[in-house]
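In this document, chain identifiers A, B, C and D correspond to the written order of the chains, with residue numbering beginning at 1 in each.
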Amino acid sequence: MNAKEMIARRAAKELSNGEVVNLGFGIPTTVANFVPEGVEVLLESENGALVFGAAPKDGEEDPDLGNAGGLPITMIPGSACFDEATSFCIIRGGHVDTTILGALEVDQEGSIANWATPVAPGKWSPGMGGAMDLVMGAKKVIATFVHTLKGAPKILKKCSLPITGKGCVSKIITEKCVLEVTPKGLLLVELAEGVTIEELRACTEAEFLVADEVKPYQL
Amino acid sequence: MNKVMELDQVMGKVHDGMSIMFGGFCGVGAPLTCIQKIAESGVKDLTVMAVVATYPGGHFDLAPLFANKQIKKFICSHVGTSPEAVQALKTGDLEIEFFPQGSWIEKVRAGGAGLGGVLVRTGLHTMVEEGKEKITIDGIEYLIEKPLHADMAFIKGYRADKWGNVEYRYTAINSNPTIATAADFTVAEVNEIVEVGDIDPQRVGTPAVFVKAIIQGNTFKEHKAVYHDIWASTGQLK
Amino acid sequence: MNAKEMIARRAAKELSNGEVVNLGFGIPTTVANFVPEGVEVLLESENGALVFGAAPKDGEEDPDLGNAGGLPITMIPGSACFDEATSFCIIRGGHVDTTILGALEVDQEGSIANWATPVAPGKWSPGMGGAMDLVMGAKKVIATFVHTLKGAPKILKKCSLPITGKGCVSKIITEKCVLEVTPKGLLLVELAEGVTIEELRACTEAEFLVADEVKPYQL
Amino acid sequence: MNKVMELDQVMGKVHDGMSIMFGGFCGVGAPLTCIQKIAESGVKDLTVMAVVATYPGGHFDLAPLFANKQIKKFICSHVGTSPEAVQALKTGDLEIEFFPQGSWIEKVRAGGAGLGGVLVRTGLHTMVEEGKEKITIDGIEYLIEKPLHADMAFIKGYRADKWGNVEYRYTAINSNPTIATAADFTVAEVNEIVEVGDIDPQRVGTPAVFVKAIIQGNTFKEHKAVYHDIWASTGQLK
């Protein structure tokens, strides 16, 4: 199992029955494939869909059925379509229970940076899309990403890129560990098999506390 | 009260320096026929407002307007799906104003609904705060997001009757009904123009009050073919 | 023809083809019966209907089809239903061309009072409903009413009741006359048959100017 | 994720002193079964929010709650259709807060959409200004209308699936989809409860995210009879 699949499988265990869930691009999108048996969640897509199926077979696509990336989806029992204003009423209004997002950086205060990379002096791309709305509106924000980027830590003392939201992340899931954001700082609660706390400190810039009982990474 | 027009009649209203809103979300529900015609017309210095730039990878949707450098300023929430737009941003040929997606659509709604603005917490303590007025209500801090309004809006519906009642299909509704409200002159491009009375009153997504002109776009059959081709060619179908 | 029908017939002549129109209760409602031939207007109802038909016959009513007063209406070709938030986006957003309203009082500054009568000290009834939204949002506000109430003038120098909107009325239509609200004050433009300017001044508290050419009341 | 409940289960959540929103507009689209049950329960000191008081002439819709003096404060745009409410206002048994209808629904929408308020010109230079904060944006003055939110909301739909997707019919939609968003616990009373998948995704007026409980109200046949009777008995049918 590769790192990304590990993260997606672990993140899926955060979801409980009946929750309204919004999944960001990348690793978060694949979380939908690993939702535990007996758990029904209402997946919301910011372009205006609630509950939807995977990409259709060639010839079965509908030109008027796309996801938040413009890619084809399908309608399944329980699906609902609505306009974008309604979609963000759901998101900003606190009606999303959990959002799982990718991140460029998170920091020990629970801030997340996932929208901006510099393209020219003073210019940023690609834009925040719906991420700022999600981190502000969702009851629980989970950041998922591969622990380091080319060996460099992504969990920092303080985000260096423009942030998406301040102090909004509740949990960080990487392939190496699960960290909770608490009022006292980051708290290590799960560690992947074969990773030591010392190794984790070496590839994590942020300070973190260690829970009394660090559990094995749940897969 | 027949609002059906020829594309050329509508193009007579499109001028250099105008502000234009386009419906659609990453290419779905986009008024492709009108966009193509505007690209061909060569009008320039446009201020364009749309949720995001284009279908992922470009070459579709609003892409020709970026490629032709017809857009001076783009007001949106995300531009990364369009290599053309990112390139223009890098070289300084394009000014971009980003808003969080929910704030963006709410600003457009405010523009259409006669609101002077809305108070949001989205973007507080981020770069989005820059240059914005803040207000504290009952001890909570908010940003004041002002309305967006345009000279013209181009929306895409499934069907319209001749008075301008517009029906949408599935997620192709996205930003269209909101954008329809927020311009001086709203043009509805549709797959089919039908008689008054043919659309179920409960399926009207944009009531005729908001629509000034109706344009025959691709037929539904052509529309299906266009999206089949873009999705198949980019490997999105199983 | 009684006074109310005269007023409704005259008001109907204000409407032009393709206009979006909202009619208040009372005399304004009956204006719909007199829309000139060749003129198609889009009647809007604030509870969420655009274009609708008269009351149905017994047995043909639909329990889910009512007007802004909760009374049964019918769907006709071109009808559209929408929610109340959308309805007031239409009204407040400047998408109504003309609204025709009843009035308790109007004054020479174009202010109108039509929502409040005192029921107890400091208490008012019945409430403004959608009238304040209409006078603020509609491009043209026409006030229609019988010229006097039990002999007392209703067109005043200054409204005495709580106003619905300040300086928002463009035209006043009674059974005696048509007055335009101009920057210089009220301007008499039409006079009903058999009414003299002196008689009009006697039953009108407000000052008004007289147009160079006062036309006969159009019926 | 089956949200279907018995009326008694839902009534267990209704307490003295609560704030409750009710959908409907002069009786059309009103959750009659739930209203009746709340009237019978005798809960009191309620703060109730609804567009208007009742069907014209009273004796229907929210009328029993006014007649029983269960409402302490009523937040609405119009009360004249309810003799019960007007009487209670006269005698001082009822406190009323009036808002322009468009501001009222926009305040409820703000409550559901996470907005700190909206800026409106409606009511400027009238009694509506009293006690409100004003703000000037780009030289234009606005009133700040703050959000409305309730402990519970009762809405009325035509059909709901067991997850809580609600379908409306015609103008009975009115305030219901907005109210559904603006309470901690939203109850949808419907004429028919159907299986998940039975409602066209394009006809869902309130997505399941907003609904906590579904109640079987009058069947559609009973519903037709109720409105026939109220309209026929008040001389509204030809």
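Some observations on this one:
We take it that contacts are C-beta pairs under 8 Å (C-beta built on N, C-alpha and C of every residue); 3 or more make two chains touch, one makes a residue touch a chain.
If you're wondering where the values come from, they're calculated on a predicted model, not measured in any experiment.
By number of C-beta pairs in contact, A-B leads over the other of A-B and B-C. One inter-chain figure worth recording: chain A and chain B are separated by 28 Å, centre to centre, where each centre is the mean of the chain's CA atoms.
Spacing of chain B relative to chain D, judged by their CA centroids, is 33 angstrom.
One inter-chain figure worth recording: chain B and chain C are separated by 36 Å, centre to centre, where each centre is the mean of the chain's CA atoms. In this assembly, the C-alpha centroid of chain A lies 55 Å from the C-alpha centroid of chain C.
Touching two or more other chains at once are residues 49, 75, 81-82, 88, 92, 136-137 of chain C. Of all residues in chain D, those touching 2 or more other chains are 106, 109, 113-115, 120-121, 168-170, 201-202, listed in ascending order. Contacting chain pairs (ordered by label): A-B, A-D, B-C, B-D, C-D. Across the complex, chain C is touched by residues 1, 109, 112-115, 161, 163, 165, 181, 195-197, 199, 201-202, 204, 207-210 of chain B.
Across the complex, chain C meets chain B through its residues 17-18, 20, 40, 42, 44, 49-51, 75-82, 86, 88-90, 92-96, 136-137.
Considering their complex, residues 45-49, 55-59, 61-73, 75, 81-85, 87-88, 91-92, 116, 119-120, 123-133, 136-137, 162-166 of chain C touch chain D.
The touching residues of chain D, counted against chain C in their complex, run 25-29, 51-52, 55-56, 61, 76-81, 86, 89-92, 96, 98, 100-103, 105-106, 109, 120-128, 158, 168-178, 205, 223-224, 226-228, 231-232, 236-238. Touching chain D in their complex are the following residues of chain B: 106, 110, 113-121, 133, 135, 137-138, 140, 142, 144, 146, 168-170, 201-203.
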